[in-house]
Amino acid sequence: MASQKIQGIFTPHLVPLDKSGEINEPELRRYIDWLIAQGAHGLYPNGSTGEFTRFTPQERRRIVRIVCEQAAGRVQVLAGAAEANVRETLDACAAYAEFGARAVAIVSPYYYQLSPESVYAYFREIAIHSPIDVTLYNIPMFASPIDVPTIRRLVEFPRIVGIKDSSGDLAFMMRMIAAVRPVRPDFCFLTGWEAVLVPALMVGADGGTHATAGVVPEITRKMFDLTRAGQLDEAMRLQFRLLELFDAMLYSADFPDGFRAAVELRGFDLGVSRQPLSESQQTDRAALKKVLQRILTGLGC
Amino acid sequence: MASQKIQGIFTPHLVPLDKSGEINEPELRRYIDWLIAQGAHGLYPNGSTGEFTRFTPQERRRIVRIVCEQAAGRVQVLAGAAEANVRETLDACAAYAEFGARAVAIVSPYYYQLSPESVYAYFREIAIHSPIDVTLYNIPMFASPIDVPTIRRLVEFPRIVGIKDSSGDLAFMMRMIAAVRPVRPDFCFLTGWEAVLVPALMVGADGGTHATAGVVPEITRKMFDLTRAGQLDEAMRLQFRLLELFDAMLYSADFPDGFRAAVELRGFDLGVSRQPLSESQQTDRAALKKVLQRILTGLGC
Amino acid sequence: MASQKIQGIFTPHLVPLDKSGEINEPELRRYIDWLIAQGAHGLYPNGSTGEFTRFTPQERRRIVRIVCEQAAGRVQVLAGAAEANVRETLDACAAYAEFGARAVAIVSPYYYQLSPESVYAYFREIAIHSPIDVTLYNIPMFASPIDVPTIRRLVEFPRIVGIKDSSGDLAFMMRMIAAVRPVRPDFCFLTGWEAVLVPALMVGADGGTHATAGVVPEITRKMFDLTRAGQLDEAMRLQFRLLELFDAMLYSADFPDGFRAAVELRGFDLGVSRQPLSESQQTDRAALKKVLQRILTGLGC
Amino acid sequence: MASQKIQGIFTPHLVPLDKSGEINEPELRRYIDWLIAQGAHGLYPNGSTGEFTRFTPQERRRIVRIVCEQAAGRVQVLAGAAEANVRETLDACAAYAEFGARAVAIVSPYYYQLSPESVYAYFREIAIHSPIDVTLYNIPMFASPIDVPTIRRLVEFPRIVGIKDSSGDLAFMMRMIAAVRPVRPDFCFLTGWEAVLVPALMVGADGGTHATAGVVPEITRKMFDLTRAGQLDEAMRLQFRLLELFDAMLYSADFPDGFRAAVELRGFDLGVSRQPLSESQQTDRAALKKVLQRILTGLGC
């Protein structure tokens, strides 16, 4: 399976917590089973939706272990492996390879805003030493941007097999594809911006990793299947409805709390966020859940 | 014709200048004829490509008059009518109505970065008094942004019949369409970002206004026709080639000088820009023309 | 007077309009007299505060003519001369020289975001041909930024005698001074950000051009005099009070309408803005005037 | 000492690494001794300069322990305590209290861009439970901004005793002081932007935490002392020279590598950064060191 091109919809799912704020392992396993049953092509622990920065290094490993175990080969796992530095990241890569992940996803360095040259040097070091395939993760709103010339340089390393782009910029997706596909036809392009999932597939993306796929996995799967089958009108009809849901989740609360509220409406107990909510935020959240319930009902979910 | 929905590819063309820096009327007329012959659905004088800010109010009127005369009803004219203030803008609207323009396009107030409430108040005043249909022009990189709630409020004025959006954000295009089409099915959405022309048409846009349409009008027209005919693969093949041309013109020189260089390669004498070029810029421009010639040749132009 | 270094507080004043929206010349003259009487070192027609973009070219000339006439040599006039292009700007320069202005101020090209090379080429052309001294005007929130290397190149033209910087970045002010003063000790640095007027003078600026100087000219003059006299504690005490006024005017309405409201409280009839206000904005404005009146009373104005 | 107001220049120093990339404890202790001998008022381990994000949680604790031990009460320690979430951060606070730190500094949540309400909720939780005084750390270029209204709300918690602001915006410093000092005269304001250290002290800041203080501690100390003594001319003369050094270190390499290069020139072996450098970056670094040596020599260092 390792040499197969990565494609389809991967779910960067939230992690349920119990009353004491610890990882709620049974609920996480139940959630994983449900995501697979609803049609997720793959799972993506330790993504931005999964609040990877709010867990400790030990917890991040435990999450990937649980997810790989529970997936049990039914779907592929793309494991977020960004740690404090290259050495720690490579240790995580080794662990995730052993757990059975298909590949790791590594976000560009964040906090410091690095130049393209530093972004290149960072991923180069990882590409040379990683024991597992690596996908780049470009999310310029949160981390140092990975630009097209840097991507072009990095695809010379066979270990780098794909990129997830959460910029939402469709022209950027096309620029990457134009620069890379001629030299690396196996390279995988995933959009991380579900607001444009169908258009992104239409211009050549291989799939997506979407927070929304953790809420309505049956819908994102259907959008993928319809687009691949050439039924663009129906795919776009769903795209417009998904956009309404996405906007409500994204712009009504600090990310990813709107998505947490929606997953709760699908029947999962996610517990209380590790990022505290103020009283007014808790009130807003109750109102948001009513809006989300209406949209989910409209989607037949 | 006035009540027909605006659609297709409009060309926000450059204005040829003569040796003394004055409008070169014969060359402008020759250029207009060529654009129409090559398949432009419409013309768009006084757009950003047309460097409207670098002409005097009198010159802007003369340009629209020449374009309307030369079009002579063969294609529609969408005339940029933004002037120093509401009163001056309304005077231009009256003049352009008389010249026979189909509608005016009015960019959101620029220089000052205005709030949505001020943007609303500005267009409301124009909408009430304009003797000609108005299209809004959203170009957030240059002018105060027009957000979706403001657009939703403005479409209650029948005089406002469309919007040109140059943000390049496809999700924004979908949000506008979702908010407006149910209440104003006649409202026209034009993308001003040719990098995503085919995807924009695919998600529901009615056409585009593209600087690139002044360079390769036959290609942008073909992209429109192919998309409308459902031949998306071929449309996307052209979209990728257009993107290469667009990027070369946009990112190799200050806008719109890369486009000026390309139009010259199509056989028009545009004269020297009113924005002076430094010596190093003149050298860069010569190198750029070689790149552009190669791309144009590849496109069969 | 022409060869004297420009220094002190210049007032980029608003222009009173009459009931029909025309320039209210008697009220403008009365306002100018009051500004001079209150201690303004100079006047600055056609600045951002003066809404230069909302007047026609003819009106801009008339404003400078009135101001020069009324100043009648009592204070210096720094006249905003930015027009649609280099040629029009040079024509304005010639006119303002004849009216008796001390120098012109020319904002960096706006609408298009130009590269440093283009900014250089633009001012170079003006510097070579202008019949009157030129001050650069850097206001990166509204216009193409003028960076330190570009300033360093431009000060080689003797016609360029100063810069007004409205970035509010004190380190930038120091960088300019460090780069320019050794080669052009006569070059004048004016801050356009009154929130840091006293600190700017303290690090070496020669004065300021402040919208707030059109509201409380006696206070900005006093801040200048106290700082020059080394009475920094008292100067800073006023600086803090001015900051409260400035923030209230700047952040409670779209610029410059908060300043217009405050000037009205000082007893001038400015008429209705050429930028329309919505109903909710008119309500907000009434509330703002109460806040401003309280602050002005506290300042003893 | 705990109830004394924090003031003076704190050094957010780099951490020397040995050949295998581990913390070089002897060199760190030698560096601390030198910083104290050169006049640092305090030390600031785990700051942005200290690359706190590139160490593991265990390493961050070890660094604070070493620094507290080595300082041995000679100077105060302000320990960076931001961890993955509130609970982990509070654990670090407890540890640093035990090590003898004067207070902790906690950066606003990063990666996710949080709203003011979330920033408030986060610090509120910490303020209620921390066993040690807390200083807020505002660095909007890297982390969620802490705005003035949020600061005003947070100063109601006695555990919050100060703020370090690295925005470089002097007006923001004044706004904070105006909002907080009347209600919390003991509250401490530190600027993190040495480009404006003297002006910041002049407008009321109590000190600074400066990467540059790890390079030329004798100079930043002298600037502080001169300003406090009212010798502003001499303080500003040094400020201009420091600015040249600061700009060279900050803008010639990705932060904090320019500072690392300069500390090496002062005689410390910092080892190889955990953020890999490309070949071209290594070449650039060698050139930068020559520039820095010239500036340091000019400063008499």
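Order as written gives the chain letters A, B, C and D; numbering starts at 1 within each chain.
Keep in mind that, in the parts below, a residue touches a chain if its C-beta (ideal position, glycine included) is under 8 Å from a C-beta of that chain, and two chains touch if they have at least 3 such contacts.
Remember, predicted model here, so these are calculated numbers, not experimental data.
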Same-site or different-site touching of chain A by its copy chain B, using the half cut: same
Chain whose mean Cα position lies farthest from chain B: D
Computed distance of Cα centres, chain C from chain A, in Å: 50
Centre-of-Cα separation between chain D and chain C, whole angstrom: 37
Residue list for chain A, restricted to those that touch at least two other chains: none
Category of the chain touch graph - line, ring, star, complete, other: ring
Residues of chain B defined as touching chain C within the complex: 21, 48, 53-57, 84-88, 109-115, 117-118, 120-122, 124-125, 141-143, 254-255, 274-278, 280-281
Touching residues (chain side chain A, partner chain B) in the complex: 168-171, 174-175, 177-178, 193, 195-196, 198-199, 202-204, 232, 236, 239-240, 243-244, 247
